[in-house]
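For reference, the structures are reproduced in the following blocks.
In what comes next, subunit A is part of two complexes: it sits with subunit B in the first one and with subunit C in the second one.
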Partner chain A sequence: MTTTIMRTTARVVVPIVLVLAISLFVQGHNLPGGGFIGGVLTVTAFTLVYVAYDLDYVEVGVLGRDVDDDVGMLDHRTVTTYRRMFTFGLLVVVASGLAAIVPGAQFLAQTYTYVHLPLFGEVELASAIIFDLGVYCVVVGGLLTIFSVVGNE
Partner chain B sequence: MATEAAFVTLAIDVALIVVAGLCLLCGYRVVVGPTVPDRVVALDAIATNVVAIAVLFALKTGRGLFVTVSLVLAIIAFLSTVTVAKYVTEGDIITRRDEP
Partner chain C sequence: MTALLALAPLVVALVASVLTLAVRSWPRFQRAVSVVSALVYVVSVGALAWTVVFAPDASALVYQVGGWKAPFGITLVADALAAFMLAVSAVVVLFTVVFSVPYIDPENQQVYYHPLFHFLVAGMTGAFLTGDLFNLFVWFEVMLMTSYVFVAFYGGARHTAAAVRYVVLNIVGGALMLLAIGGLYATVGTLNMADMAARLGAPGVDAAPVVGLTALLLAAFALKAGLVPFQFWVPSAYRAAPLPIAAVFAGASKKVGVYAIIRLYFTVLGDANVTTEVPLVGVDSPLAFLAPVLLVMGLVSIVVGGVGAVSRKRLDGLLAYSSIGQIGFIVVPIAIAAGTSSASLRHLGVLAGLVYALHHALAKSLLFLAAGTIRDAAGTTRLAELSGLGERSQVFSVTVLVGSLSLVGIPPLAGFFGKFLVFTTAADQFATARVAGSSIVLGVLLLGAVLTIIYATRVWVGSFWGAQSDRVELATLDGLQVAILVGLAAVVVAVGLGFEPVYQFADAAAEAAIDTEGYVTAVGPGGEP
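What follows is the complex of A and B.
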């Protein structure tokens, strides 16, 4: 049971936190930010939803699905998704490191290029964003698995 | 213009000293207590003061990086205060859905 004030605040704050998380994630290749802090802020937003509502709210209230109440938390649908995300992130990190070897560069070597986007103009596109995406998935998947399972103990 | 810039610099320095002093006063409240909510409110006030210090430092040095730091710190301080408040009042922080 949580008060209406907390729920209303969470509704307002969560989108702002997610926008900051995405902006920190995208600017991470040449400014402060990156996959880790973007992931941590995304976890903060989800945890705010979990604290203000409950563990099943993302599944039942947002996505409109039904959950099985009898199954343990480690086999819960969202937690399964988080664990898959963790594995996917590890795979992306390893693959982005190994991909640099193919053209003959060092392991984990990065490069960048400039692309022209409509509305934005010249944008620097760094290959480090793939590595950051892997780190992001590992952080979000790992931390949310821990919070869901340990929080339900 | 030069006097204005000097005045702003002086104001930032004074504000930094004042906020640092407030951090110490809040630290006294954290140590002494006497109840858990007192300590939680004091810790939240310290976090807010550190946010203020980060913004003032960004103004002083002209580096936008510290504004990002203050935003992240403010969000995490908010979440931690809410979490401890829920722990104090209800005992359970994250729960499953109430049985219908």
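What follows is the complex of A and C.
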């Protein structure tokens, strides 16, 4: 699939997908979107890169690092990072749920506040976005681990 | 603050799974975290049971997750029934986690064994605690996702085949369940179980589809419980999964299906004002529909499981078939309870089912773990190659003897009270309604008891008596594993000897199961959000 057409399309599409993913993630707590959808879209962008180039492209082409070919895919540096991201996401989800108990609210309870920023004006800050961030990390980490390992076989 | 106790077991299981995942680079520490978490889980369940059942001012605990009031948010309801089921599974969970440490090889333990185990526990806990029908579906899925991985855990051809069968079957079951829940939501207009009970109990409610929709749910729950005609996944899945996990499947996660049937039909639909004509059955309420269907499923399960177990060549296969039959023993009194109009017999039936579930959880997990020790030591579970184990280790043999005798129902072990209450229920039913059906029920129960004696004897004669076979002579039994088995066997004996508080607990659970009004009042739906 590493044709010129595919690579050119990927170059154009990937940034758009990523921006859309972030906007869906940020608006998730009161509009359609959220950590899951944002995460899945992010995974789509990465998968496009993987399909157009190859699994090592992110390491070699983007980050300019060497890749150790001797280790199995599960211990590949990128995949290790994905797996850490998955665990981190789970930690964030559980911790954000438990954090609500400390001030005496119910498990998983959420709150929000408004802050006034210079250029943006009134901005809503919702605690739900922390939970969403955890979901996002779980989805991205989990799906990309699966895609990398299965794609490699 | 006490309301937090209703949440505690769930949070402990969730935190345990995340922690064991986070520390998996340090295998010894991970195992320690896993075992300690299981201990904390047991303590939290114990505290919950004390508050809900035994404390002087005991009452059901209700927790509104996220602060959203019932019926709009998801409610956790810890009544005596939920507490009883949690207590049963907590015992199984503790012993299997501890047993896994010396049994599963260290590398495999590190590969997600402990995180998945605690996710399985979280799924069971959530299913027992939730007061929301859709949330029940979610916890079922959590439980199933981890079960899929466990069935395929060893990754051989046989395990993969079993896992594929298991996945396909449960996806179909899950789809049926979701369909039924969607239909119930469209018909009744709520997913909160207490709210649903209140609405269906109101006079003049028009909810004719409820009987049919709950029949779909019954199929999904029976699939989970492994009742005939949904039993065919059981033997291959149990044999493919690691044996401690098979102990959890048979001991605890099957009981989730039984619990869901009791909760849905007795608590939610017990007072339902639904009248429909069902072809063949000719029925006027969901409970009256459940009675004949569940009775036939239970009786056929007893026969299929018993006959299957008698003819197995391997110990783990025998135990898998035996657990199909034992689930039959659990649901038959429940079916009798559903069919009767007498309040005391209904109470007795549910009580008998619950006590039998407790006994089966203890005895069957003990036997599955013992099968694990045998496989670990002798490298096989083929009964023909295992003669002479009795001579090899007397302590180990005694633990298996305790498990087998409890399964057969010898006093003073836990199994005696289970069998005794089941037969009391069937005899009471026979005494009140002298019809041919009642005598058939008694007859099949007796046949099932005889079959249990036959296969328990086969295990004993086949693998414990006689001269030591080559494999047994070379086998070395792991001391720590045997010690854990002795602990579990002691629990089986203790439950039998100190049956009074256990009976009190089960009695409260049965009372909570059939007390629709109490459940609705405790949750208190219909308030402002």
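By definition in this document, the second predicted complex is superposed on the first by the 152 of 153 C-alpha atoms of A that agree within 3 Å, B and C clash if a C-alpha of one lies under 4 Å from a C-alpha of the other, contacts with A are read in each partner's own complex, and residues count from 1 in each chain.
The rule we apply is simple: a contact is a pair of C-beta atoms (placed from the backbone, for glycine too) under 8 Å apart; a residue touches a chain by one contact, two chains touch by 3 or more.
Please read these numbers as outputs of a predicted model, since none were measured by experiment.
Undergrad: Based on the superposition on subunit A, does the combination of subunit B and subunit C result in a clash or a fit?
TA: fit
Undergrad: Quick test of understanding: once the structures are aligned on A, what is the angle at the Cα centre of subunit A formed with subunit B and subunit C, as a multiple of 10 degrees?
TA: 90
Undergrad: For A:Ile129, is the partner it touches subunit B (first), subunit C (second), both, or none of the two (neither)?
TA: Once the two structures are laid over each other on A, A:Ile129 reaches no partner at all.
Undergrad: Contacts for A:Thr44 in the overlay, against subunit B (first) and subunit C (second): which applies, first, second, both or neither?
TA: first
Undergrad: Could you let me know whether more residues of subunit A are touched by subunit B or by subunit C?
TA: Looking at subunit A, the partner in contact with more of its residues is B.
Undergrad: Quick one: is A:Val79 in contact with subunit B, with subunit C, with both, or with neither? Answer first, second, both or neither.
TA: Neither partner.
Undergrad: Applying the document's definition of touch, where does A:Val139 land relative to subunit B and subunit C: first, second, both, or neither?
TA: Neither partner.
Undergrad: For the combined overlay, can you note the least CA distance between subunit B and subunit C, rounded to whole Å?
TA: Checking C-alpha atoms only, subunit B sits 23 Å from subunit C at its nearest point.
Undergrad: Where on subunit A do subunit B and subunit C both make contact?
TA: Common interface on subunit A, subunit B vs subunit C: nothing in common.
Undergrad: Name, in rising order, each residue of subunit B that touches subunit A in their complex.
TA: The contact residues of subunit B facing subunit A are 65, 68-69, 71-72, 75-76, 78-79, 82-83, 86, 90, 93-99.
Undergrad: Which bits of subunit A are touching subunit B when the two form their complex?
TA: Going through subunit A, the ones touching subunit B are 1-2, 6, 13, 17, 20, 24, 31-33, 37, 41, 44, 47-48, 50-52, 54-57, 60, 67, 69, 73, 147-148, 151-152.
Undergrad: Touching subunit A in the complex: which residues of subunit C?
TA: For subunit C paired with subunit A, touching residues are 4, 7, 11, 14-15, 17-18, 21-22, 63-67.
Undergrad: Subunit C touches which residues of subunit A in the complex?
TA: Residues of subunit A touching subunit C: 87, 90-91, 94, 97-98, 100-101, 105-110.
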